[in-house]
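First, the structure itself, so that you have it in front of you.
For clarity, chains are labelled A, B, C and D in written order, and residue numbers in each chain start from 1.
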Amino acid sequence: MSYTLPQLMVTAAAREIADGEVVFVGMRLPLLGFLLAKSTHAPEAVGIYELGIVRDTLAPEPILTMGDLPNLYRARWLADTADMMGLLQQGRVDVSFIGGAQVDRFGNLNTSYIGGVTNVTTRLPGSGGACDLASLAQRHIIIMNHEKRRFVPRVDYITSPGFGAGAGWRRKVGLPRGGPATVITTLGVLRFDAQSCEVMLVSVHPGVSVETVRDNTGWPLQIADQLTETPKPTEKELDMLQRFDPQQYWTGN
Amino acid sequence: MPEAKLLPLSEAIDRFVPNGSSIAMGLAQETLIPFAAGHQLIRQNKQDLTLIGPISDILFDQIIGAGCVHKIRAAWVGNVITGSGYNFRRAVEAGTLEMEDHSNLTLAMALRAGAMGVPFMPARTALGSDLFKTNANLKTMNCPFSDDTLTAVAALKPDASIVHLQRADVFGNAHAWGNLGLIRDACLASRHIIITAEEIVEPDVISRDPNRVITPGFRVSAVAHAPWGGHPSPVPGYYNRDHQGFIDYQAESKTQETFLEWQRQWVDSVHSWQDYTKLLGAKRMADLAIKHHDLSEPVDYGY
Amino acid sequence: MPEAKLLPLSEAIDRFVPNGSSIAMGLAQETLIPFAAGHQLIRQNKQDLTLIGPISDILFDQIIGAGCVHKIRAAWVGNVITGSGYNFRRAVEAGTLEMEDHSNLTLAMALRAGAMGVPFMPARTALGSDLFKTNANLKTMNCPFSDDTLTAVAALKPDASIVHLQRADVFGNAHAWGNLGLIRDACLASRHIIITAEEIVEPDVISRDPNRVITPGFRVSAVAHAPWGGHPSPVPGYYNRDHQGFIDYQAESKTQETFLEWQRQWVDSVHSWQDYTKLLGAKRMADLAIKHHDLSEPVDYGY
Amino acid sequence: MSYTLPQLMVTAAAREIADGEVVFVGMRLPLLGFLLAKSTHAPEAVGIYELGIVRDTLAPEPILTMGDLPNLYRARWLADTADMMGLLQQGRVDVSFIGGAQVDRFGNLNTSYIGGVTNVTTRLPGSGGACDLASLAQRHIIIMNHEKRRFVPRVDYITSPGFGAGAGWRRKVGLPRGGPATVITTLGVLRFDAQSCEVMLVSVHPGVSVETVRDNTGWPLQIADQLTETPKPTEKELDMLQRFDPQQYWTGN
């Protein structure tokens, strides 16, 4: 069964969603991850979209982004962004997804300023809702490319707080809950150590070596004792993804 | 009879958006983005604007590229399906654009504070983040009851909100449907409200469903008729998102030169909504049209 | 498929409103007051309730009179067209009812804080008033930006909101229309949401108009079918306000004795909505029926 | 032309509304006052009702209270109480109306506790929106019965702030604007001195003597230099009132 790297990543993202969970769905791959989870192991998951949509059924046609009209059709609720943010801020969102351009060992994300605000080398689009999801969901999942320039010891700017400077930091700054649970990259899957809050590699994608992952990480990466291989997408999962992204706009190679 | 507020789009922008204005746009994020009105700002070569919005898709990038913008107060500026907004990048990297970074939640609370008539709103987001570095309108504070650390977000009161909606009457009463983003609070927070609408309808079409009214008509300054005024963003009930328009824009805005070519073609040479739809062409419009209709069940407001 | 939540009203109240609960009701002030559900609280002889609402017209007075209430957190308790609520007066004057005095604005902000997930909301009202005397959930504070003096209103998170609406499906998705008062924020702020509805409809009647949905269905605990469940308050689309019901109640509640007689007739002897409508009688119901219908114009949510 | 005392009071209330003003309409007599103003000299006035209604046309049938369905029919806007309160808190409401049970020389109102909170002799319904209107409208009008037990030197409890202890008080406590402009009673009309903020009699109703007003006021009442007689309702005004309140529920003797 052949599959693409984005298909593998979307499949890994989908598996992070348990049935019945309330999911704050982001743009791009997470959008597909939610649809895949809904159509496989998590049919009762509820999706919240920051632009003001709650839906618990699949859209009737493939969508490229959350504002596409099929995603509004027979939604459970169309309302204000503030309403969605209220549900999030109350703690009623179990899991959310965020993309990142730069991440560090404590899961802090930068999607704003490479080089920092006083010495901007690259301006990225910014937070959108990412800072809110990272601050307020019960847990959040990060999806990004695994490259050394992106996996840095300390991000240049914290757009979306992870565990900050490590254990106890979130409570100290006043964040009410949450934190990153998983980082799904182009090379593997990483999770956070419950004590140190540092990220560690827990699975490598098929055909990727631990050395490759280490070489593409800007600090000495911790490796889990029980390192596994990321499960490949099943035939059913690939079928579904083909239906959700027929042009492979998001899931092509 | 209340005053009729129907104006040509050019006159509405001319009268209610002087140079230096702060304007909220793109408030529903991906849908109902007022592209026609934004292009009119470019056409009138407005200067020193402050643009306010959560995620405006490519509209802010276009107005920045045309040299109209002094400052951005937003959560995200780019192209939703291709990533970066190149004019925005160039301007920030060159240091010519002042930036106030928000998250969607802090921007929503800033406008809600404006709408509620209070000087700030508390939030639990962004604590420990670097948003505070470029945003003096965020401060940490302690809750007067629980002593929890909170983010205080200062009220934002735009000079104008410009919103593209489905239908309006000539008096400023209007219906919107679909995801509503920050539209409601932004309108209430603003000094002026300028509505562009797909259709101008008889007043009773609006007044027979007052719950669907987006903001009280007495607060609206101008209404302009602008069919396809949200293109390439989607407008529920009227047309789908024109993905190709966003994909094309990535290449069209890659350099300052290509952007100026885009501006010449899509803005400067367009003088009416009729021009714009001619440029789009019948086939593209037919492709984007609603094909699977799904009508709401009426409700009774009788007595 | 999501879980079906349709329950008989008695079971919905039994399961989700234990003794000691705090309950928000009467949130649209004069319309859509959940009288049937309130009477069910009396019938089940609930104890130690805290009632939360802006202006509940006579519903709170009835539940107080029946001895179910420990505390009131409200802006106004009485009879909108005759004045005083006598059970309420008696209970406060006898010192048996704990009181937290609000204004409509402070109560709206308390519930909005609950809905937004923040511990308080700022307001500019009530400064210099004596509301602070009985309300520890109001404090003065200074704005972190402007240093203005403000009233901080602590978040209110009811154990349950009980709302009477026009139509719902069995999964908890529901439409409401008319003035909405504090319904939306109260539902979002509450742990449980119990809906009573004039009609139980097919799911697509609701899902074909998601902007009219009052609160997300996944947050709803129970739905009960309760035709005339808002009587004597008005329910847009279904029946007018029964003024005589409110006028009669003034005399019926004048003394504890007359109130108990009222309770026997209108609550204790009623075991279903069919009993209630029989008691009302066909003529009274016909008099209250909507005679001048006025239907909303459909909108298209297609793609 | 015969008229009732409530008709005279409603007419006086209506005259407080200028054309084009935004009016936060209360319950009872003010509801009729707004309708009367709309149908006579203030056709462009806009009415805001705290339960979530904005309307600028008359209801198609007589209404007894603001939640009656004819008052919702073809309203300009049906929304949340918070939306109405936002308009009020922003300062966009020109004038509002409040009823009172007890008032003092600085226009403070008590509609909550006669006797105060620790020694309650009579519990009244409470604020509703009255405290908000008194705090936040550009000006507010008080309508009440003129009796000595109601016109007291100092109210037992301030439900709705007037000028507190006198000049400068509103600013000192933090109220952003406003204050009472007029008190319309069963005996006359009173306004507030711009300097001292104390209420004074400016007109007596036809047939009422200044002495009667003084006797029914619990402090030495100031009398305006140019005391007038409250204008009687015109035939047109009475006609209109008859249409709005055909049973004379509110405007009977």
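Operating definition for what follows: contacts are C-beta pairs under 8 Å (C-beta built on N, C-alpha and C of every residue); 3 or more make two chains touch, one makes a residue touch a chain.
None of the values given here were measured: they were computed from a predicted structure.
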item	value
Chain A and chain D, separation of their C-alpha mean positions in angstrom	57
Separation of mean Cα positions, chain C and chain B [Å, integer]	36
Euclidean distance of C-alpha centroids - chain C vs chain D, Å	27
Distance between chain centroids, defined by C-alpha means - chain A, chain C (Å)	40
Sites on chain C at which at least two other chains make contact	116-118, 123-124, 148, 150, 177-178, 180, 184, 208, 211, 236, 240, 290, 292, 294, 301-303
Interface hub residues of chain D, defined as touching at least two other chains	60, 68-69, 72-74, 78-79, 82, 85, 88-89, 136
Topology of the chain contact graph, where touching chains are joined (line, ring, star, complete, other)	other
Touching pairs - complete list by chain label	A-B, A-C, B-C, B-D, C-D
Touching residues on chain B, where the partner in the complex is chain D	2, 115-118, 173, 184, 188, 204, 207-208, 210-211, 213, 215-219, 301-303
Chain B-facing residues of chain A, complex	27, 49-53, 60, 64-69, 72-74, 78-82, 85, 88-89, 112, 117, 120-132, 135-136, 157-161, 164, 169-170, 173-176, 249
Chain C contact footprint on chain A (complex, rising order)	22, 44, 46, 54, 56, 60-61, 68-70, 72-79, 82-83, 85-92, 136
Complex interface listing, chain C residues touching chain D	28-31, 54-55, 74-78, 80-81, 83-85, 88-89, 92-93, 95, 101-105, 108-109, 112, 123-131, 133-134, 140, 148-150, 177-185, 233-234, 236, 240-241, 243, 290, 292, 294
Residue ranges of chain B touching chain C (in the complex, touch as defined)	116-124, 137, 139, 141, 143-146, 148, 150, 152, 154, 166, 175, 177-178, 180, 205, 208-209, 211-212, 236-237, 240, 290-303
